[in-house]
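Chain lettering (A, B, C and D) follows the sequence in which the chains are written, and residue indices restart at 1 in each chain.
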Amino acid sequence: MSKARLEAFSDGVIAVAITLLALDLTVPEPGHGELLTQLGDHWPQFAAYAVSFFTIGIIWVNHHARVSLIVVVDRTLLFLNLVLLLFVVLIPFATATMATYLTGGGEESHIAMAVYAVVLEGMALSFTAMFEWSLVEGRTLVSVPLAQRRNARVRASIGTLVYAAVFAVAFISAPLALALAGVTAVYYVFAPVPHIGIEAEVDQLTSGPL
Amino acid sequence: MSKARLEAFSDGVIAVAITLLALDLTVPEPGHGELLTQLGDHWPQFAAYAVSFFTIGIIWVNHHARVSLIVVVDRTLLFLNLVLLLFVVLIPFATATMATYLTGGGEESHIAMAVYAVVLEGMALSFTAMFEWSLVEGRTLVSVPLAQRRNARVRASIGTLVYAAVFAVAFISAPLALALAGVTAVYYVFAPVPHIGIEAEVDQLTSGPL
Amino acid sequence: MSKARLEAFSDGVIAVAITLLALDLTVPEPGHGELLTQLGDHWPQFAAYAVSFFTIGIIWVNHHARVSLIVVVDRTLLFLNLVLLLFVVLIPFATATMATYLTGGGEESHIAMAVYAVVLEGMALSFTAMFEWSLVEGRTLVSVPLAQRRNARVRASIGTLVYAAVFAVAFISAPLALALAGVTAVYYVFAPVPHIGIEAEVDQLTSGPL
Amino acid sequence: MSKARLEAFSDGVIAVAITLLALDLTVPEPGHGELLTQLGDHWPQFAAYAVSFFTIGIIWVNHHARVSLIVVVDRTLLFLNLVLLLFVVLIPFATATMATYLTGGGEESHIAMAVYAVVLEGMALSFTAMFEWSLVEGRTLVSVPLAQRRNARVRASIGTLVYAAVFAVAFISAPLALALAGVTAVYYVFAPVPHIGIEAEVDQLTSGPL
């Protein structure tokens, strides 16, 4: 099993999932009121689209960063990767459900947002499992020194903590939980590399023109 | 015809098909009862999604493992590959039909699950045909020794037997047949390589860092 | 503009279009009669799916065979390629329309099939234009000798004649026209290479293990 | 982060988005009047499809031309690229909304077209930002000489001016604004390379067989 095709397949699945997010943006039919008002009433769909778009974008970036260091592809990695993709593919569904109930308030909005958080948590846990798999000696181009492993583990599993927090906040206020997920996504895009994984050390070895 | 583009096209089609599986996960509209209850009532959709996801994932892994050894691309291979993809692309439709009728019981649930089994059987038979094509001397990097061919053939055609069994069980109980398909998919992910094909012998020749 | 990315983009678009064909296969809801009867009544959808699947598959094969010989990528080629893809992306829509009206008989079935033929003709004409562009000296790895160009042109434009015939037959019988398109697609898969283009001569130069 | 996977992911997203444009082409059901008349009444859908198809096609060409010169991939580029893709993925939704209201006339048609223009403007601004990022010394294979930067900037930002004009014209006549967007797309396909960016100078360095 070549790593190139693992990357190509994952890229394909993630690219389709991120694009299907927009299928939930419904076109208001003529005759249901002012177009601008209608589009305004659909703001949860647009906010949910943006948050999920960057969330999937970030997992793509992190997936790439980690897989690019891997030198051995075995059945366990393939399985973990499939589980990760299974959750990524669920995101458009979870996003649509969450956006539909977001502003309704009450119990239903809490549950819809909690379902969304569960799917993101599943994605984060799968990624953490892939990361953990990759820490075993000889599976990556450059190993993480033992002394730094605990640190690396904590950094790689920040996502699992964030989405647990999103889950908890969902039962206080669904829009607040969405805002938390959105801030996280944007933060991760700009986060200095050391905060995301162990790539910082590795970058020094592999940096230079592509 | 380069093999690289055959792989890229197949990866693309399989990636889109696996992602379209999630389109059948419908978002319950507000006002039709408790959200959690509704999501619970849709468990056949989620179970069917998971089984089909891993089934397509496995065929992708096996497709890749076999094609990576091929050194000659002719029109027959292209045709067999197209037939395989034709069945893969039918899986989201077959999955949706099966999930809709799964818990209805009676004749309809049996037929819906049988249709699902027929599509998976078509996929398995196409793959077996591709495998058989690849056994001819000179078509792969490393040939299967004559003495081991019968063994390799049996291993490669296990899928056709499993889906025939799923077809038969469909007429006893649709959920049981789905469970059988699911167990098979998970089993194959973890199955030791020799049980899937003849890659075991070949791996010894091509193993090492990617 | 590198050829690799032109191929990757075209592969992506064609892969998505061929997979979207299956979206027209509708799942019969429970309570509308026997499932088997309903699936049987949808035979035009399944026949149309199979014909369009192989038609897109063939254009992918031919696109690949021709582009693999090209050594210069200019704006005209990009434009012709976009026009080709524009028609390919229309095929799922044209297939769905045609399948819906196929067995209704009368004027509507003729028009629906004629629309399908027009889209396929647009695809064939775009491909012929790309082929013609590639005949200019220096644009391909191996040029077609002047003496053989007329021959090559005829072969490359067979598709445009076939789909013109499908258009004409549409006004006699829509199912007959679909059968003609289907036979053509299967024939092309198995056709000896010389009948499709000029690849035969070129193959002698580039043949060997990939 | 390798550039190859940035390109592959972007190609995937753009390919899916361009293909989803056709999902808005609805199949008229039998019994709602003459098929030809119905298809004729849907001309805004077809015109909008063609314009958006070439618009996405052009941004793909320009994206490719610019990224192919880049030699450094950092977090800022990844973020800018994600923002660009976010707008590209919105185009099928904006196209469908615009086509639905195009011929209705009055306020609604102006607003629907203005929304379309805003999405295209967002795409153009993101691309301009990526271009600006790439002008910094050492980020591309070949730098733009200081004396030519102002010129290069003007050329690269033509799109942002055009879509601002489309926005303005939307409030006079929606069909006229669509025609302007369409003429722009076709013009760009054929525009001599120097009018699009600074690739002209670079081409002299990298030209030759692919």
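In this text, contacts are C-beta pairs under 8 Å (C-beta built on N, C-alpha and C of every residue); 3 or more make two chains touch, one makes a residue touch a chain.
Quick caveat, the model's predicted, so the values are computed rather than measured.
As for how the two copies chain A and chain B face one another, under half of their interface residue numbers coincide.
In the Cα superposition of chain A onto chain D, the rotation angle, rounded to steps of 5, is 90 degrees. Between the Cα centres of chain B and chain C there is a gap of 26 Å.
Distance between chain B and chain D, defined via averaged C-alpha coordinates, is recorded as 37 Å.
Residue positions 8, 12, 15-16, 20, 23 of chain C each touch two or more of the other chains. Every residue of chain B that touches chain A in the complex is listed here, in rising order: 7-8, 11-12, 14-16, 18-23, 25, 27-30, 34-36, 39, 50, 53-54, 57, 60-61, 64-65, 68, 189-191, 193, 209-210. Residues 1-5, 8-9, 12-13, 15-17, 20, 23-24, 71-73, 75-76, 78-79, 82, 85-86, 89-90, 92-93, 96-97, 100-101, 104, 108, 111-112, 115 of chain C are the ones that touch chain D when the two sit in their complex.
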